[in-house]
Amino acid sequence: MSEDKAKRIFNKMMEKDRFSHWMGISPVLLEEGHCVIQMTVKEKMLNGFEILHGGVAYAFADSAFAFASNSFGRIAVSIQGSMNFEKSSVLGETLFAEAKAIRVNHKTANFDVEIYNQNKEVYYRFRGTVYRKSDSVLEN
Amino acid sequence: MSEDKAKRIFNKMMEKDRFSHWMGISPVLLEEGHCVIQMTVKEKMLNGFEILHGGVAYAFADSAFAFASNSFGRIAVSIQGSMNFEKSSVLGETLFAEAKAIRVNHKTANFDVEIYNQNKEVYYRFRGTVYRKSDSVLEN
Amino acid sequence: MSEDKAKRIFNKMMEKDRFSHWMGISPVLLEEGHCVIQMTVKEKMLNGFEILHGGVAYAFADSAFAFASNSFGRIAVSIQGSMNFEKSSVLGETLFAEAKAIRVNHKTANFDVEIYNQNKEVYYRFRGTVYRKSDSVLEN
Amino acid sequence: MSEDKAKRIFNKMMEKDRFSHWMGISPVLLEEGHCVIQMTVKEKMLNGFEILHGGVAYAFADSAFAFASNSFGRIAVSIQGSMNFEKSSVLGETLFAEAKAIRVNHKTANFDVEIYNQNKEVYYRFRGTVYRKSDSVLEN
């Protein structure tokens, strides 16, 4: 049930999310407060050092963060995010971003996102906070 | 002199930086430890809420951070970055990212980046740390 | 007027703030959304490397953050804080913590705090976010 | 073996760590890259809202971070730390700070610290980065 709702919310958000489409994100797991998405590192995502641009890595985490934090049904707006860069990703790698709620209060919530490869080796670690509005994702 | 070097480093980094090209970044000011770049928010950068995807905002800050932190001549690798989201940006806005060194040590350095509009109204605030390698940007 | 209010709020908060008393904090400037406090590094604040314990430096910033964020009159609760350690402080140094509002929204607000010495040399840089309750500081 | 070394390092660091003594920290587990310490919230640690001063919570995490990051034998210096405040702690509670290495590179390393109560309920979450010197903890 809450899984169904998480999927409907993902579909509604994703429909118009042009940048997530550009990244080529696809869903692996969608639950309330928890999601896994995947993408493959493409040529257009690289920086001048031939590695994944740090901002695209952040954007991938930020999309997982957005899907998980809106999955409860209320619109969640990112107010702060922080990322640790542990290992660089290169062309052709498939990456997974897994977002988990670590604390959900009435008006704010915190999430952790790990970006890892097929062997669960972590490349980037994200932690962020959202402000939770009263408005419904599905009715807006 | 250090301005010339900052420009040569920017050109070398930018040449192959496919994602910064995709964003349509152009330089406004390039000095040692300090840079301003600009871009205009395009349709393809939006998320499902019709605002600039948080990850693209981060990527814009991250590019400014990279140009400023490499401007001293040694390769600088981002190890941590944090962003505060204060105001959402929408289609068609021109934004500026200004990166400034706030502390440069032998092996690590800290930078602040502000993203603001033509009226210097701040939308996003970034703070990050790089690890400074011994290798030269221009000779690699 | 708002300065008077900021002082009354500081006095009310400080009255029972046992840890700020322990640190020996005194006010230098108290305004709405802005404050400067000072303290001197004492023997009991040191860690095993003969420098100011990082947690006491954070606590000093956090007190400035609390006074500035509550100075508007509504109770403000810290939800996230981040600190960059740039220079270690040693026994006998007098430090100043200056907190400034960088964004005040209805329910959340962001502040920067710099800790510096008499020559305005920055040792520690803090950035944090509060959640703003409806309750009044002075009536609670 | 590495456990013995971790204990010797803890003892050497703790011997002169006046602020950790003030907090009343005691060790629960000491291993290479991993430690658990405990303390009880005392009157002198409270702020004006009758809760544990955020800075003392941070200091408790920071001490665990320091013991874990120095446990490999090389002096580790905190360069950045970030804390999420999820639940306030009150007088008399016993808290545990568990620090774990999440990435150890040659010159920098990242750690997570969770502060929880006897029921493993998390109150504060810390993430930080150290710079790793070449100098030995035990020989300095």
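We call the chains A, B, C and D, going by the order they appear; numbering starts again at 1 in every chain.
The rule we apply is simple: a contact is a pair of C-beta atoms (placed from the backbone, for glycine too) under 8 Å apart; a residue touches a chain by one contact, two chains touch by 3 or more.
Every value quoted in this text rests on a predicted model; they were computed, and no experiment measured them.
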Item to check | Comparison of A-B and B-D by number of C-beta pairs in contact, larger one | outcome: A-B
Checklist entry - Taking each chain's centre as the mean of its Cα atoms, which chain lies farthest from subunit A? => result C
Item to check | Whole-Å gap separating subunit B and subunit D, where each centre is the average of the chain's CA atoms | outcome: 33
Checklist outcome for this item: subunit A and subunit D have mean C-alpha positions lying a whole-number Å distance apart equal to 30
Item to check | Rounded Å distance between subunit A and subunit B, as computed from the means of their C-alpha atoms | outcome: 22
Checklist outcome for this item: Among subunit C residues, those touching two or more other chains are 79-80, 82, 84, 129
Checklist entry - In the complex of these two chains, what residues of subunit D are touching subunit A? => result 82, 84, 86, 102-103, 110, 122, 125, 127, 129
Item to check | In the complex with subunit D, residue positions of subunit B that touch it | outcome: 79-80, 82, 107-108, 129, 131
Checklist outcome for this item: Interface with subunit D, subunit C side, in the complex: residues 12-20, 22, 43-50, 53-56, 58-63, 66, 75, 77-85
